[in-house]
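The structure appears right after this line, and notes come after that.
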């Protein structure tokens, strides 16, 4: 059966990447799938897209989608500046940045805020699991207050709300979704990819390996009981992807692999995301609560993006011909004369 | 190694062909598939049999699903560095099995999961097929748990084949699962199943043999990071700021668990320490400096990328003269390098870290035991010299298991340096924070909170006079810089001295440090035994260097500097040392030769010997 | 006339620092004076106070107050971590951190957010002038959108609201004041110094030298007209300090040295600062407006501070005796045995 | 300098005692008090009189109120480095006046503000009192503006005393205030008032004399940072990420104004460049790398603290092979060091910046003209070698005014390196991002957006094979590291070669670089003239070094390496170069000697000569 084709004649396979090396059941893999779907459905030209990331399990994922696009796996927490340089050099490309909650909210919160403030036309995805996956399970700054590590360390600090932070800092598209919500996530991604300005997507993406609630007595913990007390997590069981599907305005309970529950609430259909003040109010009401609110919280489609503000020539700066970037000899002569 | 005559299809080799307590065994598996317990139990069993042994985990930068190899080397001569050749392969990873088998020397043995059908690949190896799935199903009715205990089967098979002491094996296993008796029972059943299967179906045909020895009496087995953490614990560390990064994370994680266990006030349960997981390495370094300034014993641990990020703060620490201990557990390359591979690549960077002129004390543990003792020394030196001190470990040393002598309890009080309290200030009359009162370049300091009018001063970088007042005066600047230079010179005699590990015939010397130590020892024996080359061996333990290094070079015609980086960084530091302090033979610098190993794997003796012999053959 | 003494018998002079080297009329000097007043009035023991700062004109100011306290002028934008280490080492001291808007909102926003999140008991003062004073007048991230530099560069980015950021991040005392408002500023400082947790004070502190509105035709600009076009600002005129005094609930117009006006509004007396949500709402209403709202926006006096969460012994960790920080030999023996 | 006989109270010295076009004048004043215009007008007047001259601003890290000194040196022999002795002091700062006067050599002249009454301090100097307040009040009725023009009075006084060409002075002044004619008039009135006062009341008694020459025909006068900015402009820079820091800020600020003037599309007014003031230096470095990766000519400028913060990113740039130009305008010490003092302290740090093994191309402009030409070269080299390139300037070079030849228009197209577009990919068939196709270690690259199926690749640090696929294979890692080493070796012959500035008698050689150049030239003349020592002089312009350096050392018995840091960083790099590449005389390394200057002031010839002579007197 031949693949269905999109309006530029490409098949879903043309948007795939290399085989994932993340854990089975990791939310990040589901997000990669949705990015593939969204790009396919929008009919983006893969070579007109660039992928950038920091460091972490999440930041590895650009290797697992769009292998026909260029990618840059840079340094921990500082991808926003790399993306800024890249887009300045070639404003004609669409850029997707993938980060983790450690990469963004801990080491990277400074660059995150300045990225939002600049409103750089970048789809910025935080694959948010509340932990440092790649370094084996320490807390990130989005971990819930009171959460407990295997070692017994309890997180006593409040979680940073990246959506509120983004709006405060000047972002023009701010949304939250869940890795397993195929329908909503694909929609949000498509909207973000069509937004002219920074689009910040905080995507809850459970880490099946480290984000476990020790008090839970279910599945994953059950396996854990029988595992050996080596310093690192030794055995990583195989999990299937979690999926949910629910309506705007509704609430759904997701059971995670560790047996804990996540309660998601979707914004109503009639929610107006263009009012900054009410978006912030909504988030400050939800902050620290039991439910995770999902949807597009804020949208300022008219605000000119950073590149627009620079009044650049339309062509990529990177490849302007010599005579457009080197002033003629007469200019130098004039300058020399003024200094003589 | 007369392997050619071995008939791999027949019975066990004759005693003379056996590799008794002298072979390496590799388990090839998949990351996250849970073989770590089987491997550690195996390692510990051999340790408990009194045989020198080491275990090295070669793992990918990944949580689950990529190939990983665990190598156990048992060696009666205490050669516990990496050995390139694998004598016994446990092949459980379908993805790498063909390559793994292809890489073996003739005569090696392969234990494999039956469905992999590896025996068809080569005819010059000993193959043992084991039906893992069938065996595990029999012992573990609960399907969910099978994957967890499956790997324990090969411990049982190996018990039979290698002649493991079954009592020790059970002891090691129960010890490993001491907090989970049910898991212990289940795993032991798997071991037994493997043992039984092997006894019935796998007649011994390979050459690897274990026989009990008495070499480990009183010894311990420990990872370098755990030992370093214990050093910090017993050094009385009070403030820790850290940020996770492989291969350094386990240092702080071990430390946290030790602190929680042993550093709560018995009466109140209150902590005599504070640990902060910082938001990044800049912040960890700031925490270390803030605490050191305040008078606490403070530290962090990180790896190369973190050291890069700490450059500005550590440079400030040098100029502002603030103590702090910085563990750098080295790994390969930049952030997206090979973070789970080992290297000694930060030697030069650490020695002079920071813009402008700077020189740092760098300690170089060569054994797990020294990860402990040099951690202790680092805190004393940092406070005595009021300066950041590096301890350079690496992934091989830090994350692998090593046999060591029991860790010695430190003697004498903590050496907290020239700190003046209110009474001290009264006594000395005038206090000038940056004055060289004793001629050793080390000034006196006071701690914030000291209740004395002369105590407070304002801390900045280098723009100050000896009374810590802001100054841009050229002479005051030079005077301060020269004093800092003097202080560093004072350190030469106070840092851990190099160890003359072997004396040689005078012609050839070898200099090594850090985790190259065991491979170097083995290489020296190889060179002596196989090529009659009797080389001396000096093991460096610290920068700055002292006269012993110079004398060692002066005593030899050719001196090989062994290190695990591309750019011969230690060699360069030694060259500069010899060139900067002339005296003695004029050609000292040109006696130095370089032996480098930088492929991300721990260095092995054979590579060293080959390279030294290659260079010896040249004019 | 002998100085009046406070309740611990010290005179105002005992709280002074060295002579300032900042420009005459710089708001930062007025803030130093208020810190001196507040510490004097509270009767703090100078040796029980430590002063920390980053880099900038503002960050120099700790040298100009409390010379009987220890001070640490550290690196640009990373003072929060130094303060964290210092307070962990000795929780019994009171700490004052001084930063600038460049030091805090530009290079330092990451450490700022994590400091607020940790609720470290530090009085964190931002001497906020919207520019980098010490490096001669570039924009910081609190500069107003649309502001123009001498070079003609226009600030196209929205200003970060440090008060909103602080509340979002978890701060427990958040206020804004004006360097010239002697009465309010002293009060706020005293309250902050008495707060057990992080106290973030965003103090508007005009830079007389670089924060000039080019369109203004008044005083400072007038001088500028006659100055030479050297690359740097060459001549710095002498200005007197600006002072204002107005009532809660009232609005006042301050004329700055460059002739521009600043409109300040003080919170009503009956404003309730303990409600996080309404504090955020208030700030999001004010954001980008013409007025600068001053007062204590948010206060959460009950929230335990970072040090409290660590369950530390009451004495300074820095100077615990050997036998309290080095476990006895028996412990090592036990550990050795467990590894044998 | 026979000054002893000078009768400081009598009339003008005899012609033979005069210092004609050979003296230094210092204006001591207060920061922010507005003397910069008077000083620049003075400098320009002397320049326009055809006399070689330089101006150095010694300013505090402060905006207003602290002491500052401006030194103008006029020298017929083109000695425009710093001279320690001041021949003519303009003393306007009450706070430092006593110290300033005390530091003068006998016979020097002092022009001072009358109320300071400095003439009572010493009897061996020539004093000129000037009533500044009275004079300025007369010409400037508006009290508010008096402080602004007050300093112009000393230009008038000096015009009389030093024999400045009045027409040139007026020209220079009107040029300076060209955009503010009213201010020009007012200032010119102040000059005239000073001139008149001096003519009437101040008979010439000192030795400093100016006479027109023809040395500056066709020359320009420029700060190093402005020249560097012009280099960037004509190199076709397109993306700039920067963060302010003294003394580098003016580089980007000049660049911004040039870009705004000359790089807008004439038709649309749209910019062919993008400049971002980043939130810090980590971000600037990230912007440079992101843009370089995308194919733009990108750069940043910073100073030491910024370089420290960029360590991780620049290290990544080395491994990921991304072009980018990094200007490091060096200053003294850490952040709270002496940020407004000059140094060459980042040489070693830049050469190997980053954890792990790394080697960077470092360019070393020695003149303002070279700030321009080496900026041009840096962009070509960065793209040709696909690597971060440093340009190391310093405060002295960057922020002071220097006479230079007119800046030459670059010839030839931009050299953009081995970039393959879609057509290129078609042509070559197989594309492997990190393959050494040409044997020079430099691979080919494609730019994001290239419309060809073979174009895209995934960029990471070092953990990749030659097709840019993730790999942890030891051999692939080593192969890549070795190729990077080869690439660096290729650079040896392609970076700007050292310049043999002087040939000598063969015995003694001097090596210098950067802003030490002019002092070194002068010192060589001093040594020859005063001590008969005819030393050769090689000026380095880049790291890595090449054969010329080695040959130079081989041709001399003793080679002095001049540098402005404490730790002899360049000497160390040279030692390592000579030691690592043996061949030629065995004792090359031991021929090197160190001449260091690190008090924060620009190095001066006398200090160099004294130090060389001191060492020459030693065995």
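Order of writing sets the labels: A, B, C and D. Residues in every chain begin at 1.
Just so it is clear, contacts are C-beta pairs under 8 Å (C-beta built on N, C-alpha and C of every residue); 3 or more make two chains touch, one makes a residue touch a chain.
These numbers were taken from a predicted model, which means no experiment stands behind them.
Enquirer: Among the chains, which has its CA centre at the largest distance from chain C's?
Expert: For chain C, the chain whose C-alpha mean is farthest off is B.
Enquirer: Would you say A-D or C-D is joined by more C-beta pairs in contact?
Expert: A-D
Enquirer: Chain A to chain C: how many Å between their CA centres?
Expert: Result: the chain centres lie 33 Å from each other.
Enquirer: Centroid from C-alpha atoms only, then distance chain A to chain B, rounded to Å. What do you get?
Expert: 36
Enquirer: How many Å are there between the centre of chain A and the centre of chain D, using C-alpha atoms for each centre?
Expert: 44
Enquirer: Could you say which residues in chain D touch two or more other chains, in rising order?
Expert: 60-61, 279-280, 305, 312, 316, 320, 334-336, 460
Enquirer: Touching two or more other chains, which residues of chain C qualify?
Expert: In chain C, residues 73-75, 106-107, 109-111, 114, 141 touch at least two other chains, as defined above.
Enquirer: Where on chain D is chain A touching in the complex?
Expert: Listed in rising order, the residues of chain D that touch chain A are 218-222, 230, 233-239, 241, 258, 262-263, 265, 268-274, 276, 278-280, 282-298, 312-313, 316, 320, 406-407, 409-410, 413-414, 447-453, 455-460, 470.
Enquirer: Provide the residue numbers of chain B that touch chain A in the complex, in ascending order.
Expert: Residue positions touching the partner: 31-37, 40, 60-66, 144-145, 147-149, 176-180, 182-183, 186-187, 223, 243-246, 249-250, 253-254, 256-257, 260, 277, 279-281, 305, 334-336.
Enquirer: Considering only the defined contacts, which chain A positions touch chain C in the complex?
Expert: So the residues of chain A in touch with chain C come to 106-111, 113-114, 117-118, 141, 156-158, 160-161, 164-165, 168-170, 276-277, 280-281, 284-285, 309.
Enquirer: What does chain B use to touch chain D in their complex?
Expert: Going by the criterion above, the answer is residues 60-61, 303-305, 307-309, 311-312, 315-316, 318-320, 332-338, 340-341, 343, 345-346, 348-349, 352, 354-359, 460-463, 472, 474-475, 477-478, 481-482, 485, 565-569, 572, 575-576, 579-580, 582, 586-587, 589-590, 592, 598-601.
Enquirer: If we count contacts the way the header does, which residues on chain C are in touch with chain B in the complex?
Expert: Touching chain B from chain C are residues 45-48, 50, 52, 62-63, 67-75, 78-90, 92-93, 110-111, 114, 307, 310-314, 316-320, 322, 324-327, 329, 331-333, 335-336, 339-340.
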